[in-house]
Amino acid sequence: MPFALLLPALLGLAFLLLPLVALLVRAPWHSLPEQLTSPEVWQALRLSLVCATAATALSLVIGVPLAWLLARTDFPGRGLVRALVTLPLVLPPVVGGVALLLALGRNGVVGQWLDSWFGITLPFTTTGVILAETFVAMPFLVISVEGTLRAADPRYEEAATTLGASRFTAFRRVTLPLIAPGIAAGAVLAWARALGEFGATITFAGNFPGRTQTMPLAVYLALQSDPEAAIALSLVLLAVSIAVLAGLRDRWMTAS
Amino acid sequence: MTRSARRPRRTLQVAGVAALLALSACSASDDQSPASASASDSSGSSPSKLSGTVTVFAAASLKESFTTLGTEFEKAHPGTKVTFNFGGSDTLAASITGGAPADVFAAASAKTMAIVTDKKDNATTPVTFVRNQLAIATLPGNPDKIALLKDLTKSGLKVVLCDKTVPCGAAAQKALDASGLKLTPVSYEQDVKSALTKVELKEADAAVVYKTDVRAAGDRVEGVDFPESADAVNDYPIALLKDAPNAEAAKAFIALVRSAEGQQVLSEAGFLKP
Amino acid sequence: MSNTEDVMDETEDVMDETEDVMDETEDVMDETEDVMDEGLDARLVVDRGPFRLDVSLTAAPSDVVALLGPNGAGKTTALRALAGLVPLTDGHLRLDGRELDRTPPESRPVGVVFQDYLLFPHLTALDNVAFGPRCHGATKAEARAQAAGWLERMGLADHAGAKPRRLSGGQAQRVALARALATHPRLLLLDEPLAALDARTRLEVRAQLRRHLADFEAVAVLVTHDPLDAMVLADRLIVVEHGEVVQEGTPSDIARHPRTDYIAQLVGLNLYRGHADGHTVRLDAGPALTTTELLSGPAFVAFPPSAVTLHRERPTGASARNLWRCEVAGLETHGDQIRADLTGELPLAADLTTVAAAELDLRPGAPVWATVKAAQTHAYPA
């Protein structure tokens, strides 16, 4: 193994792992059982998992077709649209949250109509958390799926159409199974991003235990008053994330 | 480097005191700007003078008044620069105990200051320089006719409070408890500015914030003073920090804050005298 | 062309058969005259920047037409246009009397066997074949039953549950054919159906494919650059070069009367163009050739490399009127034969045995005399 590669690789690994190790070293192990039995922690954890999963599902439903549009069709301004799709990646999440408020808030560009026509308000609701997380996480899915679609042979879709499949059927029955590993990878990325989402969530959906207080919010607020509790909460979030990601990787990513 | 500005020499300390005197002298004057100019002249004539950067960690609610004071300070002491880190007092306290390089800490509650003093990260005993009173921020024109704290418990009203871990939330809870009210907000916001923003954006109908925040928001919100706020007045303590990179200038800044001139700026922003 | 001889040999057989087929086809044509609206009638015009395809193509039901041409001639584009995967710039496309120019591919009664088959890798052989019937409204069970029938017919019943990557090239080809046929297309398109196979499999699959195509009751169009595939599988060849049809006819006709250098090379003939006057054809290239046919006007003359005799010295006796002084440009082994490429008065290819080549001491640059008997040349109007 070339030393020139091995050294930076190990440095990279150490750099990523060091903060985690520090978290473990400084963890208040004695108060951990207390944290773990607190109903607020479970409430926040459950909300986090539910919202991240819902956000991933929503990203799949609208993100995969968007990726298809970007990868398989040609329309003027496609490059610009692709850049816009990736915008939430560079946008500070808090700004994303403010933008969501301005768009979907009670007084927002679209939100005021949702409110006056359907009586739907999104801020301060669990739905709001899901939307905020989707906004931030979906670009990961779109980019991943678009890349896989570009690498996939479009002639399979052609073959399907010559067999009588509409473009949608061809997509559903041929393309989708072919790009399943890419979709799974993108979904895992999006899920992970949604789980750790903080800025857009607290800005758009606020912070209310059991309704909009996800783990990252709980960690942040715990840090204000009780840093030890914050570390304990972080450990819980970390352990759950690792368990889920490792489990998914084995189940999905290798099945192609 | 702020570290290079750290010169704990007696001569400088003397110079700092001289500057202080000059400042308090000028603050007696009604016309501030020329007085400041003369103050800078006097300190300029002094053999040793303040220089370097003063880093001030201050509660978010101090943003407007401290920014004004910072400009005053820089004018009075050419060659100095005041940089601020405004935020939730708890976050700031956590950064300070975590080793963030800062000269001055101005907190929005004694409790958050205690985080710093418990770790013995302060160099001077904290002194209360202002007090802040709660107020209700409502939508412009107060469409929901809120007059009392009790009005916030009306059903259908979207109220945001600060989270109990931050001073404005603790104060609000104190006021609510004192009045025997039970209020379920739509959100416990991470700091007072976030709470106010929700009302400014009309996402919430009302927020319990500081009077100073209501004033700073101008006509984007309407302030409602409520009698129960007297039960929960926040003391704002200020202290020089132990590892202050520029202790001399920092002391001068604290003196400015506590001076009559400083108090005037703060009271204009809605703060109460200590 | 290493297998030109094979081509020629097989072509002979094919010619005989195809002539029968042609006769039959003519009968069919007669019958369909009054029905009119049967089979394929297309003029495919596709503009693609500097490249322009303009090919006319008609075929009756049960016809097998081969589009033969070099790479880049536009054959595959023509096929894709027929399938609806490439829009027509101009022209028309009628199948069984129905206008298909604007019909999307999924609504065309067209089946396609793609060059690399494009079997869906995530589906079993059975589900690949069932895909078409499913899209045409059959229930899952019906579609699978039909698919099982097709696989049975292809001798693949044992491989129904196999994923494409577990199939051999020949098996995959048959699954692809079954998949295309399962929708009961009125036009079957095959893009280089044998190109992906190795030489051994090819022989076997070609024979099978020929049988299946013979059974197929609608129009089949196949695209190939291999003359042997074209001649064995098709009743009629359409030779396409540079996006245009350069020659059209039965395999035997084309093998005997090539009209372009490309076809001549494919079928292994020396081909010249000239002006005929009686038994003499004055070639555009210079010298004259004596032939047995009596012609006048523009004409082609063709003769196989095996008809050429080489001499180290100018042959005495005036019997060989077709006598040219040449020079060896290159030598190539062709099985047990040597193919000599000659330049000089008349550029030509000559075949001779290894022994003869050794006796003549042939090597590049060596001067030789080439003769061809008039009886072995073949002249026809251009």
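All chains are identified by letter, namely A, B and C, in their written order; residue positions are counted from 1 within each chain.
The criterion applied here is as follows: contacts are C-beta pairs under 8 Å (C-beta built on N, C-alpha and C of every residue); 3 or more make two chains touch, one makes a residue touch a chain.
Just so you know, these numbers come straight off a predicted model, no measurement behind them.
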{"item": "Least hop count linking chain B to chain C through chains in contact", "value": "2"}
{"item": "Chain located farthest away, centre of chain B as origin (C-alpha)", "value": "C"}
{"item": "Geometric centre: closest chain by C-alpha means", "value": "A"}
{"item": "Centre-of-Cα separation between chain C and chain B, whole angstrom", "value": "89"}
{"item": "Approximate Å spacing (C-alpha centroids) for the pair chain A, chain B", "value": "37"}
{"item": "Whole-Å gap separating chain A and chain C, where each centre is the average of the chain's CA atoms", "value": "56"}
{"item": "In the complex with chain A, residue positions of chain B that touch it", "value": "88, 90-91, 94, 158, 160, 163, 165-166, 185-190, 194, 198, 201-204"}
{"item": "Touching residues (chain side chain A, partner chain B) in the complex", "value": "101-102, 105-107, 123-124, 202-203, 205-209, 212-213, 217, 220-225, 227"}
{"item": "Chain C residues touching chain A - in the complex, by the definition given at the top", "value": "83-85, 104-108, 110-112, 114, 118, 120-122, 131-132, 135-136, 179-180, 183"}
{"item": "Chain C-facing residues of chain A, complex", "value": "153, 155-156, 158-167, 169, 173-174, 177-178, 180"}
